[in-house]
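Both complexes shown next keep chain A, but they swap its partner, so chain B is in the first and chain C is in the second.
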Partner chain A sequence: MQSILRGGNRVLISRSTDVYTNLALERYLAENIKHQPKTRLLLLWRNKPCVVMGRYQNPYVESDIKYLNDKQIDLARRYSGGGTCYHDFGNLNLTILTTRQDYNRKKNLQWVVNTLNKAFNLTLYITDRDDIFLDTYKVTGSASRLERLYAYHHFTLLLRADLNELRRSLKSTDHMHITSKATSSVRSSVLNLSDQNNSITYENTLELLIKTFFQWNNEENTSNYDYIDSLLYYEQTKNIENELKSKKFIFETTPPFVYTIENKKQTIEITVSNGIITDIKGNDLINEKKQFIGQLFHSVYDDIHKLKTNYLSE
Partner chain B sequence: MLTRYASNNAALRCVTYSLHMLKRPPSSSYQAMSYVHSLQKPTNTIPISSINNSILHFDSRPFSLSVSRLSSVVQFKLADIGEGIREVEVKEWYVKVGDQVKQFDKICEVQSDKANVTITSRYDGAIVKLHYNVNATAIVGEPLVDIRLQHGIEVPATTQSAPVLAAPVIPEEPVKTETLNKIPSPDILATPAVRRMAKDLQISLNDVQGSGKDGRILKEDLLNHKSAASKPPPTASPPSPATVKSTPTIKPRPTTTTVADRNEPIKGIKKAMVKTMTQANTVPHFTYCDEYDMSQLVKLRKQLKKQNKDIKISYLPFIIKACSQALLNHPILNAHVDSKCENITYKGSHNIGIAMDTKDGLLVPNIKNVQQLSITQIANELNRLQQLGKAGKLSTDDLTGGTFSLSNIGAIGGTYAVPILLLPEVAICALGKIVRRIVPDEEDDESSSSSSSDDEYCSYSVRSMMSASWSADHRVIDGATMARFSNELKYLLENPLQLLINQ
Partner chain C sequence: MSAISAFLFRRTLQFQPIRQLHLTKCLYQERYFTKKHEWVQIIDTNKKQNEIRIGISDYAQRALGDVVYCELPAIGTKFKCDDTFATLESVKAVSDCYMPIDGEVSTVNDKLKDEADLINKSSYENGWLIQAIIDDKNKKNIPSTLMNEKQYEKFLEANKEASDH
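For the complex of A and B:
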């Protein structure tokens, strides 16, 4: 079982489609693998529909929380920075894990661009924000995390994702109400690679990437890839997974923000810090103050919404 | 620039030196900072020793240091994150002031666009100051936190990562005992009670050997001292160097009082100079020297002064203009190289910098677009910059954008020197003093070859010679280029009419 932590140029493919499990696995591997200099680990995974936001983002600004709840689309916060993505089975995730010194985002993206352009006759290119674009459409979202001994760069590849769902899920109804210093996503129009070349599928892309990954790293043994069954590693990853699933991590680590509601009568300002409502400012809110202060914002979110409509209806 | 004076060899007309790159690790983050940028930053009083590249050696004499006396506070700078990233946002602090940290403990998390980086501590110690609030922008290479080191001198555990010997600046070494030494030492450890007691007993703490921790003087020491007062003074403690067998003929050391050292932190422009010089030192320089015959220019200047008594013109504007003219044919000398020496930018304008000793120290303001200016215009610009320099009012614009530099050190004195480049430029010149010398005339043709054996009868004249020492970036400039440029400049200076008709 411990062979999963072996270093060297390797490819691991996760069988799980649960975003929390996969993020936990990614972190577990990053922290525990015996990274060898000048080698890379490629982790390939995909998730059932979910929205993944960056470490210091605000979920309310980045997505439609209510819609996610209704459609049972998972919401996760990852450990790396950057913006918010929508994942589903048409979206392939790649993580390249190396030692801190070998971290090189551009090289990783260059490998993908060269491989896909050659195999599928595309004209992908890399922007200076380290995104992969096809014409004016974004096809990947990247983020990285650098620790003392290791670093990883992960990015998504839109193959055949449901772009309508993507747009709907990432459409925030609250962003105009919120002022904060959280990282905000830089939004771009997106495109599936299969829209450009209909022969592209998850399976053939996977195969292609695995083969060229080894070539890129000058590894002769091109069959050194393994499927990971996350259940086998549940003991090791459960703590991380639990943290990722917890409302605490998802909602309460949001950087402080102020949620403002405006109506004919007054402007209400709700200050939230560490997920807790610490203050409400407004003209006549005595009852509301008692009700809300000290509460977790995400728990009373529906009631807060009612504040908007209640007042508006008057 | 730092100029080192080589010996003047009058017979030597051309000398080429090649400086080997000193074996020092390159600075981790390259910043082509102008002096003005560092002026705008709040300066901290940090000991010089906490700069990355300094390595201090200690002699074998052991001494003990206590944290309270010589505790060194190190400024832990934000290390280069890579990818050319200059600044990041501090997202989360994992420590607060007062916390104890060990090497490799997490200090904070920073974010740059899409990369999150965990910054870990390089030292063991206590957090003294956090330089940024959450969401503030931290600059790579600038202090992130201040850490008071646990031990007086920090020796890094790992060999690879960041060996910074942050040794405290020691104003006076703690005296173990040399009773002849009557230095008033302010750093004697003793509790107030012990001090009081010493006062009552009329014992000078200087005279007492402390037996407590770190040489601390205890009550017992005072009592022992009192009883031992009648006895001969205690000898030096064992670790001191061996005593010398004195022979009767050797005279005793004259009684002197050591003058106290004066310690001052390096701040402001001096600090910027430390930084830029250290950086420039990583570039392999070579120096090429030559002498230019300024006699024609001397004549010209005398003429100008006769025509217009009020004119204030020195040689420098002529030299500057001549350099610009020569640069037209040698554009590589008016270029910038990037820090990794991967790209060379041939700069269009000739923005010639002139090193000045201003009110604030050594600064190099530059005259913009010399290629378009007349000599009079250059003279006026030079004057303007000198006036501003004297008043300490040079602007950022004046101090940045330079492409080529000159140092008229000869105005103060000197002949040959080895100037240090002002990065990212690739060439610099140190101009020596114009000295009148006897120069044998050139042998013009073969007709005089018959008399070549009678050297003492060759003709000579007194000429005004100015030595010039060029330093250039040997990664991109070769000796031949420098020599050709110098020859062209020489031609222009020795034949000023050529300079004037080609303006």
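For the complex of A and C:
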């Protein structure tokens, strides 16, 4: 149990495909590993279909919440910044964990680009927003978290993801109604690496990245990687996992926003702060005011949706 | 150097620093810095309490990049030195700000709600993060536990030579 927390250049692969478990594991490792300067830990993970948004984003702006519920696609908020992405088994997640001083996104991405370009004959490049593009298509989204003693940079890699599901899940029906200072995603067209080179699979990419990771970090032993069974660390990670799963963290930590419904007769403005509806403005909304003020927005979302449909059809 | 010019040179040196210090004292209190690049400034008020203002340095804001979101604490929250008191998002990275000293939050900079990038544009003036009440003991210890501007500049110089990996 203790050896999982030793420092040095290491590769760990999570066996779990649950997004909350994996995010909790990532944080647990970040906070507890004895990070050594000038070394890197690579965590590799995959999730069953889910949507993951950045720390200060608004889920209603970034995805179709109803669709996610209907299709039982998990919705998660991560601790790092950046935009929203869709994960499934065709997407590989990489986390590079270092001391705060050694944090360097460009170097991490350069390693991946060099490795994949060489092995699969691709022309990947890094943009100034620290994304990896192939041509005009985005294949990687990245984000980071910096704390006092450690920092991590994690990013996705589209290998063989279901791009139709991706587009459908990330298509919001509410974004035009919401004004806020939450971080917005910068949208791009996406592409799977396997579309460019059909020989690319999750297995061969994993093997390749592990081998070249050790080479990059001047480690001779290129088979020093471990699989993590998250159940073994359940006691240590359960509090983090429970926070990640909670409606409080997912919905109520959304930055303040105003939900506006406009029709010819009037404009309705619903103000939400810390997840709670604090005010409704409009010409004649006495019943609605009684019904909604003080409620958690995500709990009454279906009713708000009905309100929207009614008012917009007037 | 001739004797006269040496004498004049010494006199100039004597005057310069004193003049600067005097001006500084009139306009604003000196800032003190942490190794994590936060700054502390004692605010001159007539109240009996010791109030300080906290922000991040120019070096920190440049390292962060454009701040797009700022999460500030609730007024009344008590923090210990090194506790996370605020979190910033910039260029897809979320980073914490650490308390330079024990204190209780008295005010937060509301302007940052709509203009988080004030932290970049004016890290020492309009882009301050919070104000906090501190006790006498901590106030007295500021010059010995934190770096003054000159010491901070030396610290930045020394750390520039961190080797590449």
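Here are a few things to note about the model shown:
Throughout what follows, the second predicted complex is superposed on the first by the 311 of 314 C-alpha atoms of A that agree within 3 Å, B and C clash if a C-alpha of one lies under 4 Å from a C-alpha of the other, contacts with A are read in each partner's own complex, and residues count from 1 in each chain.
Heads up, the rule we're going with is that contacts are C-beta pairs under 8 Å (C-beta built on N, C-alpha and C of every residue); 3 or more make two chains touch, one makes a residue touch a chain.
Model, not experiment: these values are computed from the prediction.
Placing chain B and chain C on a common chain A by superposition gives a clash between them. By the touch criterion defined above, A:D88 reaches neither chain B nor chain C.
Once the two complexes are laid over each other on the shared chain, residue contacts for A:K38 go to chain C alone; chain B is not touched. When the two structures are aligned on the shared chain, A:D18 is found in touch with neither chain B nor chain C. Once chain A of one complex is fitted onto chain A of the other, the partner contacts of A:D102 are limited to chain C, with no touch recorded for chain B. Once chain A of one complex is fitted onto chain A of the other, the partner contacts of A:S80 extend to both chain B and chain C.
In the superposition on chain A, A:D64 makes contact with neither chain B nor chain C.
Using the contact criterion defined above for the overlaid structures, shared-chain residue A:E241 touches neither chain B nor chain C, since it reaches no partner. Touched by chain B in one complex and by chain C in the other are residues 54-56, 79-83, 129-130, 142-148, 181, 183, 255 of chain A.
Of all residues in chain A, only 38, 54-56, 79-83, 101-102, 104, 129-130, 142-148, 181-183, 255-256 touch chain C in the complex they form.
Every residue of chain C that touches chain A in the complex is listed here, in rising order: 36, 68-69, 71, 82, 87, 89-96, 98, 113-114, 116, 162, 165.
By the touch criterion given at the top, residues 54-56, 79-83, 103, 105-106, 129-130, 142-148, 181, 183, 255 of chain A touch chain B in their complex.
Looking at the complex, you find that chain B touches chain A at residues 81-83, 91-92, 104, 109, 111-118, 120, 134-135.
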